[in-house]
C-alpha cells in the first residue's frame, strides 16, 4: 500500500515538473523575452542590461533551474496589463468560477449517475434510449452552441433570464445549466457502460443464479464495482473545476478564471497564462491523487496487495 | 550424416516470476544444464509435459533467445546475438515451425506473399525467381498455386501448417525446429503433416528438432529421442530402442500411457502426485515425488545423466549401466 | 498528407487512390464487407456516410460551389433572412453570403481536423511502436508523456501555446495534432507488445526481418482497424476543440473563417440574425454526430473489444 501511494505521489510531482518544463520550453521558444517585454524599439544597451539583470545570458540549464526556483517561491510574475502580481489576479477570480462549476458539478453527479445506472438496469427501454440520445447530443453539441441556444430560448425568446453578467443568482442559471447538461450526458453514458460491463460479469450471474434478490445483487455487487471506473471520471471533472468554464464564462461574460485566461491569451499576458496553467496542473494533479487514494480504498485487490507489501 | 550441425552445451535459462504486483520475484529454472548434439540430417525428438522446458530449449537452440549459461554452436560457430544484423542473416539457415499456424501467419496477407517473404528479407533471387520458388514450395508441401492467393483465414488448419512449412523452407535452411507442429491440428490431419515433414526431411537432408508432448508423433519421425522433466533431460537414446525399452521411470510411465500397436495397455503406469511446477522444483531428483520407485536418496541427490549402454543415457539413481556414476546435488 | 487522409476516408464508401495506406483502407473495406454482408448497413450509418461524403465534396470544391466570394460584401442586403433567392442562408451584417462563408468554413475546419488527426495518429502510433520495440526507458518516457497529456485539459495547454506563440494556420494544425496522440500511442504499444510476444510478429522476426519491416508491413496493417476506430473518436473532438478555440477568437483568425469562427461572430447578432450562428452550429453538430455514428458502427464491426 505504501509503495502504491509513493509511486502515485512521485508521478504527481513528475507531472508538475513536466508542466513547469512545458511552460519554460514554450516561453523560451516563443521568442526573446527582453524584446517581448521592452518592445522592438528598445535600444540595444537597454536590452543587454535587461538580459543581464534577468539572467538571460546564463546557460539555458541555469535559467531552467532559476525558473523552477522562482516558481517554488511563488514568484509567478506580474501581469503586463496592470502590473499586479499574476497570482493575485488569478486567485481573486477563483470564487466566481467556483460559483459556476461547483453547482454544475453537483448537478452533473445528481443527474448523470442515476440516469446512467437506471439506463443500464433497464437496457433497451425507452428511458435507456432517451439517455443514450441525450448523451450523444451532450457529446456532439459543443458547449458554446448549447449556451447560445439556451440564451436564444430563455433570454431572447422567452425573456426569463439574463443573457450575461454577474449581478444576481439569476445570472448564474444559464451558465450552470450549460455546464451541467453537457457533463451530465457524458457522465450518464460513462456510468451506463461501466454498469453494463459489471452486470455482464460472471459473478453477477452467479449471485443472481444463487437466488440473491436482484435489488441486493445490484446494490452490493454491481454498484461498488461500477463505482471504481466512475470515480476516475469524477476525479477528472473535479480537476476541471478551476478551468472547466473557459468557454461558458466567455459566452456569459462571467468574470471567472476562464474568462481571465481567454483575455490573457488574447493580450499575450504571459505571466497570467502561465499562472493559470500551473494552477490548473496543480488542481488536476491533486484531484488525480485523491482519486488514486480513493482507489486504494475502493479496490479490495489493491488493499489485499498492500497487506503483503 | 557426418559431423554435428548443432551442438548444445550445458545451456540454462531462468526467468524471474513475480507473484502479483508487489510480490517478491522468484527465479524459475526453465532449462537447467541441457546438452544435446544433432548431426546433419538427423531428427531429434524432444518429449516432455508442458512446463518441462522443451519449448524454451527449442527457442534457445534456434538462437531466438540467449541462454543464461552454456552455449549453442551452429555449424561450428556460436550463435549471433538476437536482433543484430548477423543474427538476422543467420536466420536463413535455421527456421521454426510453430504450434499455432494461424497465429504464425499474418491474416492480412495472401499466403504466397508470406512464403515469399523470407526471400525478400534475405534478398534471394530476382523477383521472377522468387515467384517461381513460391510455386515450387507450394508444390513441395502438396498445395497448388491456387492456394497461394488465399488468406490464412480461408485455409484449413493442415493447409496453414503446410504454408508455414513452405515459408520455413523458402531459404533452404539446414535446421528446423518444430515446436508442437501438429498438436493444434485434427488427429486425422496430424499424420499427413508429419508424413510430409518426414518426407521433406529425408529429401532435403534437414536436421530437425521435433518438440512434442505426443509420443506417437515423435516415434513416427525421430531418430533420437530426449525426454525432459522440469528443465532437465532425464533420458536420451535412439528412438526405437528407447520406446522398446524405456529405462527411466518417467519415460516408462510416458511410454506406457501412449498406445502403440502390438502392445497391450494392461501395464499402464499411472503417475501419482501433482503435475510438475517449474516454480517449485523438488529437491534431489525432480521426479521423485511422483516416482513409483523412489528411494530416500532420490529426495536429496540429483542424479546425473550417465551412459547405461549403447548410446542411451539416463538420469536415475536406480538405473545403472556399464559406466553409471552419480554425482552429488549441485 | 491531408489529401491522403481524405482519400483514405473516402475509400470506405467508394474507390481508393494510390499510396500504401490505400491497402489498409481497402483491406478494411473488404473486411467490413466480408463480416457485414448479412445485416444491411443501418440507415443512420448510410446517412452519416452520406453527410461526411457531402462535407468532403464541399471541402474539395468550396470555391466552385459557393455562389459568392466568402468576403464579398453586399451592403444593400445586410442581415437578410434565409430563404431568399439571392442568399439561401441569408447574409451577415456586412451583407456577406452566409452559405458561401459556411462552405469555406467547412473547408478550413475539415482541413484542420484532418491534418491534426493525421499528425496525432502518426506521431502516436510511431511513439507507441518505439515504446513496444525498445521497452525499458524509452517505454517509460512514452508512458510518462502520455499520462501527462491525458491528465492535463487540452484546451488549457492549447491556450497557453497560443498565448506564447501567437496564431497561424500551420501552428493551429500542429497544435491540434498534439490532441489525442496518447491514445494511439497506448493502443499501438499494447497491440505491438502482444504481437511481438507471440504470433505473426514473432514468426516474421525469426525469419530475419528488420524491425521496420515487422512494424510497418505486418503489425501496422493488423492493428489498422483499431487505430481507425480511434480516429473516429479523436476526429470529432478535434473539430469541437478547434471550433471552441475559434469561437473564443483564439483559433482561426479573420479574414479567414472556420465553423467556430462563424458561430463566435454570429453570437454578436444572436437577437437580430440568429441564422448566422445556427448554420455553422448545425454543421458542427451534425458532422461530429456523423463521425461518431460511423465510429460506433465501425467499432461494433471491427473491434468489439475497444470501449
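Here the chain labels run A, B and C in written order, and each chain numbers its own residues starting at 1.
The definition used in the following text is that contacts are C-beta pairs under 8 Å (C-beta built on N, C-alpha and C of every residue); 3 or more make two chains touch, one makes a residue touch a chain.
Given the structure is predicted, the values throughout are model-derived calculations rather than measurements.
Chain C has its Cα centroid nearest to the centroid of all protein Cα atoms in the structure.
Farthest chain from chain B (centres taken as the mean of C-alpha atoms): A. Each chain gets a centre from the mean of its Cα atoms; for chain A and chain C, those two points are 24 Å apart.
Inter-chain spacing, taken between the CA centroids of chain A and chain B, is 56 Å. Averaging C-alpha coordinates per chain places the centre of chain B 50 Å away from that of chain C. Note for the complex: chain C touches chain B at residues 27, 198-200, 202-204, 206-210, 213, 218, 221-222. Looking at the complex, you find that chain A touches chain C at residues 11, 14-15, 18-19, 22-23, 26-27, 29-30, 136, 139-145, 148-149, 151-152, 156, 193, 239-240, 243-244, 246-247, 250-251, 261-262, 264-266, 268-270, 273-274, 276-277, 280-281, 284-285, 288.
Looking at the complex, you find that chain B touches chain C at residues 62, 64, 87-92, 95-96, 98, 100, 103-109, 117-118, 121-122, 164, 167.
Taken together, the chain C residues at the contact with chain A in this complex read 144-145, 147-148, 151-153, 155-157, 159-166, 236, 240, 243-244, 247-250, 260, 263-264, 267, 270-271, 274, 277, 281, 284-285, 288-289, 292, 307.
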